[in-house]
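Sharing a structure with you now.
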């Protein structure tokens, strides 16, 4: 019975792949009311996001299927998949919204299955997401009032005010989902408190739906947003604001990430930052930048799935999730180490992994648009990201084991390792063949958005008008150099020996022991607070605003609720009073007013 | 075959120039301090001594691979930098790369090495790495923005194209885009790990920083790549701002001139704290860079 | 195994010096000579400021004496150092750190001891807590006599050490490795149970080459 | 078939059944009949849809002209009658199948619930002002007693409060009826409508105000709805389900129906009704935020939905009205579900306070799951019917380019989500449930869940296939709004 359930669950997790493969060109319509229909069709943009889904879900489902089956979670996961597929396939806003909502509440119900959720976290998650959904609904209703139709189609004939209203409402809706500042607070809370594997879905897949929405904006406002408000330098003026939102998000979230003590919170902030780049690139709107955005979306999905699944494995094996409490797992969990290594190289956007290709395209796009200050902000964020990337690998894997669990941990079960290996392989392959990704994955999407495709002379080569690079050559040179250097080192004479103890450290002549605070993971990044800008950013949070808002709302609620605690006499009196006052007014006015 | 020979030549040239330049730096410093100073070959001796140490201690496999990664990174970087223009030689694989790639490659090796530092388990090393990364965060923004100004000016990221566009001294980017050069100069010094931005490996504050646990031949490897990397960066700046070089002598002359400039600056200033470094970079060079952006993009 | 009848530490020095004077570079190949020459050109010094002699180490690096012209330069950690300079008397407490630092250095490594305190305790000869004969605990390659030796004397000592390295003479580290049991026994006599950890040297006896 | 086609049966049959209660008690048929009578009526109502589609059914029992009983079964009232019968059927099934408390079984509740049905059906069917008052009293009295059925302090208090405020409301309404009669000499609604315009404006205003206040109290609009939470809190959840699902809807319908019929120009009524609806919506949703008792919370939420429906009905556009009708159906379903779940949880956990329900999902997972379904439905989240009806209303507003109701409705929904999800989170809290929960009570029989599952299924069905109800809802909206058609069909003349 359990086995059948699990197999069923795994089969469900393959549905996005099935949809992607079997859908073809057909459309599916489902009548609602008043002549409205839900239209489902598969365009290249949807296909791209469906591809992410098809990649991600089986990989998450595999470790989820481990142990005794959690029927409710399986059911909710299936619903979540249904919602996301509906969202992506929808040809009109109605279907998009329905899918969006199904995704929202099923993910919430999955989220609260974790024992770590607090009331605050759960409420923040659902309220932010519902706010996003209702903004979407408002946007689509405005859209409807302008066009009389819910079909997703370019909005060209409406008034400027109407177009701006749609742009702002939809933009806000999707930015909340993406976690742009200052609407990000649900992400660290949610990703942190969600069940460990579900965090992978949240970060890897669900957040992408916000990006899908943002990529719909150029569809709605053709000419890459420039149709909305003209151009600024070489880019669309409307996108400039969006781009700055993305850049500020990226910078602030990166600094926040550096100061986190909890692995999953760090990953959550880094996710915000990474998606900030994408928002910026979408704002730029040129084919280079949007190509970079799409590429980054792909890379971010793979990387975050990889990292979250790996850390889920670590949490499973050790029960620890703070940098302080882990350490030196490199010997005990080498596979996890490699996974995180590949993951952070991708996250930091370093060559030769594909994160660099994505960043390259985005940077070139920014230079092309002549938006150099944005480029500076992105550069700041992506360099600062090195620090948290280093923390991610140092804290759990290097240094000294800081808890009994970390000293005795073993490699995660195979169901965690298989997705890791698959994702690592995909990342490395994409890194070697960036041209392949451009040609096969990115270009069709660009063409749907009405942008010129980037194109690639060969699979290994990434080419832009500004120059490019060859992933194969890069990998060959680096690998060759590495092999030669290592070989030469081995060939040279002289003996090498391994330290007899992890405490064999040059420590000013002292002999450190297990009690000596040798693991630097906890304090890392603390000194950054002394840098004025970072100190200022870290000292401020939106938590206070949110708490204040909640407090005020509750106070208003208490005030209004107080009205309802009276006696029948009061109620009667009130009714009579209303009657008297109103009829006096009536009499004075001599009729209806 | 050509590529292989060419690469070997580049590596060799880099190494030789590296120890000579650094030997010169030491002697230059010594003369400023009214000392005799070591011989100009001193860096070769030091390097060889370490490479010939008979014992090397490692702290696990990652500790061993770190220096290998950083060396491989250095070699890769320098192979992507064209040394000469209008020549078949000393090009490496630079036609397959671009400026942004090189900037990122500069970081790959150090980050690989940072893994080794971390796996040594010495907190001082990690402290040094963090400082290095923090400094990187400070210097990279103005550095990249300065280079972006150049890329914008020539509308390409290809170093070859930028180099080719600077025919004649009047077209050197140093002349045509002096702000960009002013912007990158100090970050460039910091990226060379030279004073006053050399807090990363400070022996007093952080007990030699990232290199605290490295000894023996591993330290030798680290020194080797450091010397080569210095030259690669110098050549890159020569390519970008001084119009590149047509032959090796010109290359050496230009690189040396640039080196002299940076050396003079670093010899004159004492060391800054990490946060001072970052703050400085975000105020002065970055302010200058923003000015440059406004001038380049908005006004011209 | 070390024999008690043989001379101990510094006592052998003169004999060894004399023995080697006659046969310059004897028995060494070209490679070894080159290696020796390169090694002696570059000495990284870990200066262990145990006693008052440390005061004389600083001028060594300054403009006046400029040890860098001999390739002598300070190292921050024992991992990078070639020469351990013991500058003055050693208390039991400091000896422990010295031993640990010495064991953490990578071979070839040398020890230079400054002042008479390292030879026989000097003016602290009857102190309850001072190590009187350093050579019993770690192998000293070069003593620089005096209380305290001036920087000129230090340079003299360093150049003498360089000369020995160039000639490829066996350093003290080989003695330490060969006679580890004896050294450890001596150290144990001083420290009792409070020995430095074994993992920094126990690979000696595992026959690693 | 002429016999079955009469709308009288919707009143007569339950009335008859109620009055012959002693007979059924002897034959032990109470439970079966409580379920059977509304079921029969439900089938009858469903069977009437094709007939009413052709033309409204009228039934006049003349006592002495102009006095008499006019029953007017058009698409709108038929839809509501069907809904009411369905609601009573479900509650009856729930009471019959579940481990119901003794005070909810037996003759008294049997009579009262059927009378409530009589009142509700009468209110929507009648075409006569005086009858309207009579049915209002029938419904009212049965409701007062129903809420006091459980003989403990809160219940009695609720009953008393309900009695007082209900009588006041009836008084207001009666005054209005008297004034109308004095002014026009008519009680037939159509006739009144025809002659109302002739009344002096000040008197028109007074009558309107009296009616608004009287019916406003009954239909729980904002400044007159302060009694609701107390009454809902004191009554049994199963009974409250009927109040919220049946009674309020009837009064709302009456209010709007009167407004449409009597005032030819909807502009004035629109201002009043939409303002009241909006105020009700926002005040109730805000007040609900801090409720720690599930019944009170549901009461406020119910108020909020009433406000929403009133907002949409008061707009008097065909689309929003159709949406509002659809939403009435959905809301009835949802509130039945939620109150019945509350009844189950009350039996299981012995309390409905927030802190006592922490972790209740472990004790009764199905009930908690159904609560989640209900919450999603009431919030208007797809794929449940509530979404479709809300969308319908919103789309109506968007069509008319009215943005503020859209913003208001969405904002209110967000606040509503704030407290519903708090409850969900508490139900699923990772703590051991209170000790009282697991030992003292026996688990509920599975059959008790059958009506709830049926509701959940229906909600899903309506959400996925809203077109099933499209014709009847649109026709109902049409029938409600088309004043001339009503007048014509009743009086035989066009005005």
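We call the chains A, B, C and D, going by the order they appear; numbering starts again at 1 in every chain.
Please note the rule applied: contacts are C-beta pairs under 8 Å (C-beta built on N, C-alpha and C of every residue); 3 or more make two chains touch, one makes a residue touch a chain.
These numbers come from a predicted model, not from an experiment.
When the interfaces A-C and A-B are ranked by how many C-beta pairs touch across them, A-B comes first.
Between chain A and chain C, the centres computed from C-alpha atoms are 59 Å apart.
Chain C and chain D have CA centres that are 98 Å apart. Once the centre of each chain is set as its mean CA position, chain B and chain C turn out to be 37 Å apart. Counting partners per residue, chain A has 495, 497, 499, 503-504, 506, 508 as the residues that reach two or more other chains. Among all residues of chain B, those that touch two or more other chains are 52-57, 207, 212-213, 216. The list of touching chain pairs reads A-B, A-C, A-D, B-C. Taken in their complex, chain C has these residues touching chain A: 48, 77-79, 96-98, 100-101, 104, 196-200, 202-203, 208-209.
Listed in rising order, the residues of chain B touching chain A in the complex are 51-60, 62, 64-65, 68-69, 71-73, 75-76, 79-80, 93, 96-101, 104-105, 107-108, 111, 114-115, 118-124, 126-127, 129-130, 133-134, 136-137, 140-141, 144-145, 148-149, 151-152, 155-158, 161, 207, 212-213, 216-217, 221, 274-275, 278-279, 282, 286, 289-290, 293, 296-297. Chain B makes touch with chain C in their complex at residues 26, 30, 33-39, 42, 45-46, 48-49, 52-57, 203-204, 207-208, 211-216, 219.
Residues 31-34, 94, 97-98, 101-102, 104-105, 108-109, 112-115, 117, 119, 122-123, 126-127, 130-131, 134, 137-138, 141-142, 144-145, 148, 553-554, 556-558, 560-561, 563-564, 566-568, 570-572, 574-575, 578-579, 582-583, 586-587, 590-592 of chain A touch chain D in their complex. Across the interface of their complex, chain B is touched by residues 35, 38-39, 41-42, 44, 63, 66, 68-71, 74-80, 82, 104-108 of chain C.
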